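Shared between the two complexes below is chain A, which has chain B as its partner in the first and chain C in the second.
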Partner chain A sequence: MKATFPHLAHLDIALGVLYPTLGVEIVPPPPISKKTIEMGVKLAPQNACFPLKVTLGNFLEGIERGADTVFMAGGVGPCRFGYYGQVQKIIIEDMGHDVRFILLDHPRYGWRQFLDAIKVMMGGRFSLVRAKRAVTLAWQILRFTEELENYRRSLRCQVEDKATLDTMVEETLDRLRSVEEIRTLANIRDEARANLRDFPRRQREGMIRVGIVGEVYIAQEKRINFNIDRLLGDLGVYVHNSVSTVEYILHTLPFFRSRDKHEAWQLARPYLNRFVGGEGIDSVGSTVRYAQWGFDGVVHLYPFTCMPEVVAKGIMNQVGKDYDLPILHLAIDEHAGEAGLVTRVEAFVDVLERRGKMGRKTLEAIGR
Partner chain B sequence: MKVFLGVDVGSVTTKFVLIDEQKNILTSCYLKTSGDPILAIKEGLRYIENTAPSGAKIQAVGTTGSARSLAGVVVGADIIKNEITAHAVAAITRVPAVRTVFEIGGQDSKLIIIRDGIVEDFAMNTICAAGTGSFLEHQAVRLNVPIEEFGKLASQARQGVRIAGRCTVFAESDMIHKQQLGFGKPEIAKGLSEALVRNFINNLASGKSIEGPIVFQGGVASNEGIVEAFRDFYRREIEIVVPPEHGVMGAWGAGILASEYAPQESSFQGFSVVNRSFETRSFNCEDCPNSCEVVVLREDGTVKALWGSRCGKWTPQSAQQRSADTETGAAEVYGYGSS
Partner chain C sequence: MKIGIPRGLLFYRFYYLWKTFLEELGQEVVISPPTNKPIIQRGLTYAVEEICFPAKVFLGHAHYLKDTVDMLFIPRVVSFHKGEYTCPKILGLPDLVRNLFDVPADRVIDDEINMRERSQVGWRQGFLAIGRRFVTNERRIAQALREAEEAHRRYRRRVREGVLPEVMIDGAQPLPPRQEKVLMLGHTYLINESFINMNIIQKVHEMGFSVITPDMVDPRRSRRALKEIPKASFWTFSNEILGSTLHILRSRPAEVKGFIHLVSFECGPDSLVGEVIGRLFRREKDLLPYLRLEIDEHTGEAGLVTRLEAFVDMMRWRYAHRESYVSPSCSS
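Up next is the complex of A and B:
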């Protein structure tokens, strides 16, 4: 069995450590490129969401490299993510590839299937001890990749030497790929943290702060969202991203709970108190949280035609009005043009800057 | 005399404005880009050089428009700003009480909401061309009417015909259908103006509170048929101002931004730019599967700027380094051998 899987930010690093430890041979798909997108777009239904198309491209490129099994997560619910795997499976079969498709669904929809899928993903043998060690390590790695990205996006606007910052983060990410033990990870982590903390920065007075909310894939995958982190950072904006794969997984797992998401759901309550699928509530709640943190603006990223985020979009505008918080909505798909996106983002930052000069109204002033 | 230059290189037209320290326009020009922005920039510079008041010394340059980066490199800009900010700044300078800006240009249209002299919200359409100048120009060609007379024609109409304006393709087939029914050109022209206005309102203004005074600017604002259609749409309840400078507002805004920025020493390249030769070529960087199309701008043979690489590793310095390191690098960047 040679398995491939979809890309999502740095998930491939964690999975690249997890599967080999479990004894599963993997063929990671090449990094998302124009070719990946073209392949996916060509074969996927035209009105499917963009992440379906890109991940389909990942699978096809993985199969090109010799994969015979595809690992994909699924779900049931009022969001189309639930049928990504099903649709992709049919497309790949129609193309004549003899590929095994392993769909990991939420156990809520059948413990039996869930355990079967887990068993295959663990190389056919189910050993709790072995699994626990490997999963813990992979989990820590995933966590740390997100931490690194958080450092990068918050530091970018504060450092002079942006190229070195990029190299430092990229090199650390690369080193994570060969980690086999928790201890090695801890060393790399301590070293990177120290380096990043000591990175020479400028004064951070009067920085514009922007929060990113939105759909889990588009908001994190910078090869798809035109690297909006970097774009904003280069414009001198402090960026925080509320979207995280770690929190997403925690939230989905039984017996666990994402404190971050729980808080967002609580904050969203006055505006939206029922599940609308995907990350709809999280987008609304995180927007409220950014307002309370005193952020200057929010950028909302979602795939074009994403139902939950479109619901959230309408509600977020009310949040923006109530808290006097500008929000930029960006729908992204294969037709999104970089020039238009850059113009909008630049103009948005100008709006925030000019507002900042006039003094942003405090929460008390607007009655909150 | 201290003066500032604003340059707006758009998809269809190129605008130059020279202002003094009080932000007053000293001289301006409005040219067709005709798909060759560098030529248009040179022509504009020549015009400004000839019409500038004697003793004027350019202190700073601002560029805007879809070719703002290119113009910034060629002219030597101190500040490169997006069109939205530039247009808003000009509108606020011209009409301080402005609350809404409509800007309709060649390939896109913008709506800017302004409160207390600050931009509060904006919207921009690039998905569909039905609400833009190109749409009108295209349909004018179909009607065999020069675009300059289109507005006058529309105002002669006794009534408008309803033409679907959701998208260019629908509008066109609907327009032909109405023509076949025997409606005259003025009625069709008026119908098209109304369709454009509806498209603009539906695309950009939905969910936004439009308050007067509205400043209507951009090339399409010279079309009186459209201005009338906007006034009719708001049942004349909202004041719509079309400033005489409406065509060059973006460039004016860029000039104002340059004057506010006022650097110690301007990066303005001087009027000698018109005598230099610029050349754009592109190559596919094959260092990763993204195979970005990297665009190289050369001035008299030396690399001035590179655009289009996603990773951002291509700069004039790195390109130079690369071509010094390997022969293939030189071929890539400079096009030696291959051309």
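Up next is the complex of A and C:
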């Protein structure tokens, strides 16, 4: 069995450590490129949301490289993500590939299938001790990759030597791929943290701060969102991203709770008091949180036609009005052009700068 | 109190239920007029630009009603079938109306009706919550709900018999049944709203075909047919569409000549389920004609008519030359 899986930010690093430890041979799909997107777009339903097309492209490229099994997660809705696997399976079957599709779905669609899927993904044998060690390690790695990205995002606008920062992060990410023990991970982590903390910075007053909210895939996958973190960072903007795979997974698991998300849901209450699928309510809540933190603006990233985010978009505009917070909505799909996006982001940053100079209406002034 | 029900989305499914329930509780029910240009214009102006066309129409109706009634009736119908959802846009509808039009929260009836986890209990609790806004006596609410459910059942039965909702609600002219039929797939708010689908049912009728909608297929049969799919979707409307397609595809009644699938451009569920249906069709040995029509606010009537005419010609041709017809899946 050679398994392939979809890309999502640095998930491949964590899975690349997890599966070999469990004895599953994997064929990671090549990094997302123009070709991936083209392959996916050609076969996927025209109006499906963009992540479906990209992940389909991942699978096809994985199969090209020799994979015979596909690992994918399912869901219970109402977001379309929960049905991706079923559609992708039919499409790949129709292409004539002889591929096993292992869908990790909610047990509500059959405990047997659920347990079978877990068993296959665990390498055919249930060994709690082994599984626990491997999963803990992979989990820590995933956490750390997100931490690294957070460092990169927030440091970019403050450092002179951006290229060295990039190499430092990339090198650390590369080193993570060969980690086999928690102890090695801890060493790498300490070293990287120390290096990043001591990175020479410029002291800057009155940085513009922008928060990123939106759909979990588009807001994190920089090969899809035209690396908006970097774009903003190069314009001298401090970036914070409220979207995280770790929190997403925590929230999906039973008995765990993501404190971050819980807080966002509470904050969203006055505007949207129910889960509408995907990250709709998180986007609204995080926008409120950024407003309360005194951020200068929010960038909302989502795939074109995304149902939960479209609902969130309508509601976020009201949040923006109430807190006097500019929001830039960016819908991304295969037709999004880099130049257009860059222009819009630059214009948005100009607006924020101008507002800063003119003296932004403070929250106290509008009675909050 | 004057309570306004916007004519859109779930309206054609639950109109009699809601109306009877509210009237039994002594409220005055106002519905917005049948969709027209100015109402659509309101929707296009005030709604989110990327939301699907039926939702824009709904928001147009809500905008039309908001100043003329005391309260807007937009219950949050999370689910009306066990284990399934409606669409995220319907889930967020009351919040959208509140935030887009600056309607105060106490003027929107937004109680949650959720049958996903607890089935009937969730249903009853939703209506109890709505009823408690008007009367305190719970027995009276339960009585009203019973009446309403009875009216709803009657309505659904008549729809199943082939009476179109518009005939019942607005007194439109019923169309005489025809020998040959097509199955018109699509969400209830697209098929039954003759203004936004450009009167497609009548157009198809004039071309010589009666229309069967998913509402006219026996729900038990369509649910059973759905078992063929390893995992049915989690949207009730899409499951009804998929189920009735599979039911007709497997039972192959002689009078059904083809399928027309009406999709609104931005529809999330249908973008996936429509693909599944399309691919199921192509896997069939003996294909049935299938037309997929996408509708949004930019759709032109002439284009729609041309495609319908071409489709009907193709159907006629296919059945006239059945023997010489080679299915594309065999030839390639």
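Operating definition for what follows: the second predicted complex is superposed on the first by the 362 of 368 C-alpha atoms of A that agree within 3 Å, B and C clash if a C-alpha of one lies under 4 Å from a C-alpha of the other, contacts with A are read in each partner's own complex, and residues count from 1 in each chain.
Basically, contacts are C-beta pairs under 8 Å (C-beta built on N, C-alpha and C of every residue); 3 or more make two chains touch, one makes a residue touch a chain.
These numbers come from a predicted model, not from an experiment.
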After the match on chain A, would you call chain B and chain C a fit or a clash? fit
Applying the document's definition of touch, where does A:Met1 land relative to chain B and chain C: first, second, both, or neither? neither
If we overlay the two complexes on their shared chain A, which of chain B and chain C does A:Asn227 touch? Say first, second, both or neither. first
With both complexes superposed on chain A, which partner does A:Asp350 reach: first (chain B), second (chain C), both or neither? first
Check the residue A:Val120 against both partner chains and state whether it touches chain B (first), chain C (second), both, or neither. neither
Mind working out whether A:Asn317 is in touch with chain B, chain C, both or neither, as first, second, both or neither? both
Apex chain A: angle to the C-alpha centres of chain B and chain C, given in degrees as a multiple of 10: 80
Report for A:Pro326: first if it touches chain B alone, second if chain C alone, otherwise both or neither. first
Using the superposition on chain A described above, determine whether A:Ala339 touches chain B (first), chain C (second), both, or neither. first
Which of the two, chain B or chain C, is in touch with more residues of chain A? C
Partner chain in contact with A:Ser33 - chain B first, chain C second, else both or neither: first
Rounded to a whole Å, what is the shortest Cα gap between chain B and chain C in the overlaid structures? 5
So chain A touches chain B in one structure and chain C in the other; where do those two contact lists coincide? 317
Residue positions on chain A within touch of chain C in the complex are 44-49, 52, 74, 76-80, 82-84, 86-87, 90-91, 94, 103, 105, 108-109, 271-278, 280, 304-308, 310-315, 317-318, 331
Give the list of chain B residues in touch with chain A in this complex. 66, 81-85, 108, 116, 118-122, 124, 126, 207, 288-291, 310, 312
Touching chain B in the complex: which residues of chain A? 30-31, 33-36, 223, 227, 230, 317, 326, 337, 339-340, 342-344, 346-348, 350-351, 354-355, 358
Can you check the complex and tell me which residues of chain C touch chain A? 47-48, 50-51, 76, 78, 83-89, 91-92, 95-96, 99-100, 112, 229-231, 233-235, 263, 265-276, 279, 282-283
